[in-house]
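So, here come the structures, one by one.
Below, chain A partners chain B and then partners chain C, in two separate complexes.
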Partner chain A sequence: MHSFGYRLNGLLTFSVTILAIMCAIASLSDNLNTPSPSAEIQVMNINWFQKQPQGNDEVSLTMNISADLQTLFTWNTKQLFIFVAAEYETPKNSLNQVSLWDAIIPAKEHAKFWIHTSNKYRFVDQGNNLRGKEFNLTLHWHVMPKTGKMFADKIVLTGYSFPEEYR
Partner chain B sequence: MKSTHIRQILSQAITLGMVVSSALIIWKGLICITGSESPVVVVLSGSMEPGFKRGDLLFLYMNKDPIRTGQIVVFNDGRDIPIVHRVIEVHERRDSKEADILTKGDANDDDDRMLYASNRQWLQQKHIMGRAVWFLPYVGWFTIIMTEKPVIKYILVGALGLLVITSKG
Partner chain C sequence: MDWQGQKLAEQIMQIMLLVFAVIALVAGYVLGSFQMMMIIYAGGVTLTALITVPNWPFFNCHPLNWLDPNEAEKHPKPQVAVSSKKKGTKK
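Let's turn to the complex of A and B:
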């Protein structure tokens, strides 16, 4: 009953249990946080707007993105993955979501920022439906914890639209 | 003397059997609760760094909710190993509610189109095995070591067997 094997087994089981409980508590503490994020996105310029050879519309735009996401950070937060996506509907698709830009915020100090950027990823439609179309820009954030539950949310900004003509 | 010895062996065999079946029950139960064929996955590559590192453990959950951009999904479209990446594009059909999905690893510059099997341009909902909802760092290294250095697996099973046999009840 007191052999080395038994003691080692008991010790390992105990330490794994304690670690698991600590991780669970760390994750639960995230629920106590009440975040109040804010964001603003301006489309500064439509750089170009063309129909590609395969028939799909593609657009390149420059955006001014500013946000304050500091309240999302807790002691259990490893990083924030944020991205801006365009959302719109077309006759064939009830929903299209295209990710335009993303970034990783590693610490609270960097969570209040302002960036002037063109879309990091190509904005290509399934078809040629974009002329004159209205779209939303959504800023999503994905909280990645040091341990435990990940959670995500977004801010939806409406009122953007594509030009009537290609350019 | 002999019959007691046989009883001991039988009882140890039954104990071992119960341990194995309990593990199986827990595993199958997890599959039911999480709705995913593989409710727990180990991160094998560095394509989601710095968020997920090799050796981290991910708990998956799957339900009928539609796939949306930003979700971290595990997909397998016919290759040997499932991949954990983030959804960056979704085009959902108005009529069928089927969706075309595009994924990309956070640390990769390019999207996953090159990785999809048989020249596929988009993933479908059926290729998604689950969404990552819970995360434990480092715990998965145990599985990686067992897979990549089977010697350790044999040593461990041998030691466990020895422990069971030499225990006095």
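Let's turn to the complex of A and C:
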């Protein structure tokens, strides 16, 4: 406080320290939010189901994904990253997760949606285990904050299965 | 500024920043807008800077009265004691 520069420096450092504490409190306030998301995925069609030359199964499917993720947004949310993964079990791996589609939702208004799409990323198995296999489709989301901790969770939808034969 | 003014400036600065931080947090949370919180806080920092950093007159209410130079010459500074061999102190 003994000179202009001294006071200015003190004010700037104190204000930035307080800003850091404010951001921490803002991040903690996200815990007060109790979200209630819902989602539904329908497999409209198995477009094709082939065995690749290397011996791995590959499948292409068309899905109808509808979800209401609006309650996940808080004042401290920058965007929502969501992806759909297929999960199934094989003799070789106890859990296989294959990401089929993803999207970024930038605002609350866009969080209630439905989309009719084929899988964005190829669905290739490690081996040829998919005939007649049952699988789950899970919708995962990552709530990316403006400042602080990122939350991630998922919804598991069961009851899907592949055809018995290639087509 | 004088000493009292410096203390006052520091106290005003700390209190104002804390008050603006609380106002900004509450307003941002209630309005659901992170941007509003940042705007209110930035405005608060600027206002605090304008009030506490420049050398305003109201910070100088208890000025120190330094001794006038002419007066100082009439009262010489005390000299360190010297050995008896040296000449006496100068007036």
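Here is the rule we go by: the second predicted complex is superposed on the first by the 157 of 167 C-alpha atoms of A that agree within 3 Å, B and C clash if a C-alpha of one lies under 4 Å from a C-alpha of the other, contacts with A are read in each partner's own complex, and residues count from 1 in each chain.
Here is the rule we go by: a contact is a pair of C-beta atoms (placed from the backbone, for glycine too) under 8 Å apart; a residue touches a chain by one contact, two chains touch by 3 or more.
Just so you know, these numbers come straight off a predicted model, no measurement behind them.
In the superposition on chain A, A:A152 contacts chain B only, with no contact to chain C. In the superposition on chain A, A:L95 makes contact with chain B only, not with chain C.
Chain A is touched at more residues by one of its partners, and among chain B and chain C that partner is B. Shared-chain residue A:L137: touches no atom of chain B or chain C.
Once the two complexes are laid over each other on the shared chain, residue contacts for A:I41 go to neither chain B nor chain C. In the superposed model, A:L61 lies in contact with neither chain B nor chain C.
Contact with neither chain B nor chain C is seen for A:L69 once the two complexes are overlaid on the shared chain. Contacts of chain A with chain B, set against its contacts with chain C after fitting on chain A, overlap at residues 146-147. Residues 1-2, 4, 7-8, 10-11, 14-15, 18-19, 21-22, 25-26, 29, 74-76, 146-147 of chain A are the ones that touch chain C when the two sit in their complex.
Residues 50-52, 68-72, 86, 88-94, 97, 100, 106, 111, 132-137, 163, 166 of chain B are the ones that touch chain A when the two sit in their complex. Taken in their complex, chain A has these residues touching chain B: 5, 9, 23, 27, 78-79, 81, 83, 85, 89, 91-99, 102, 104, 106, 121, 126, 140, 142, 144-150, 152, 154. Against chain A, in their complex, chain C makes its touches with residues 1, 6-7, 9-10, 13-14, 17-18, 21, 24-25, 28-29, 31-34, 37, 41, 45, 48-49, 52-55.
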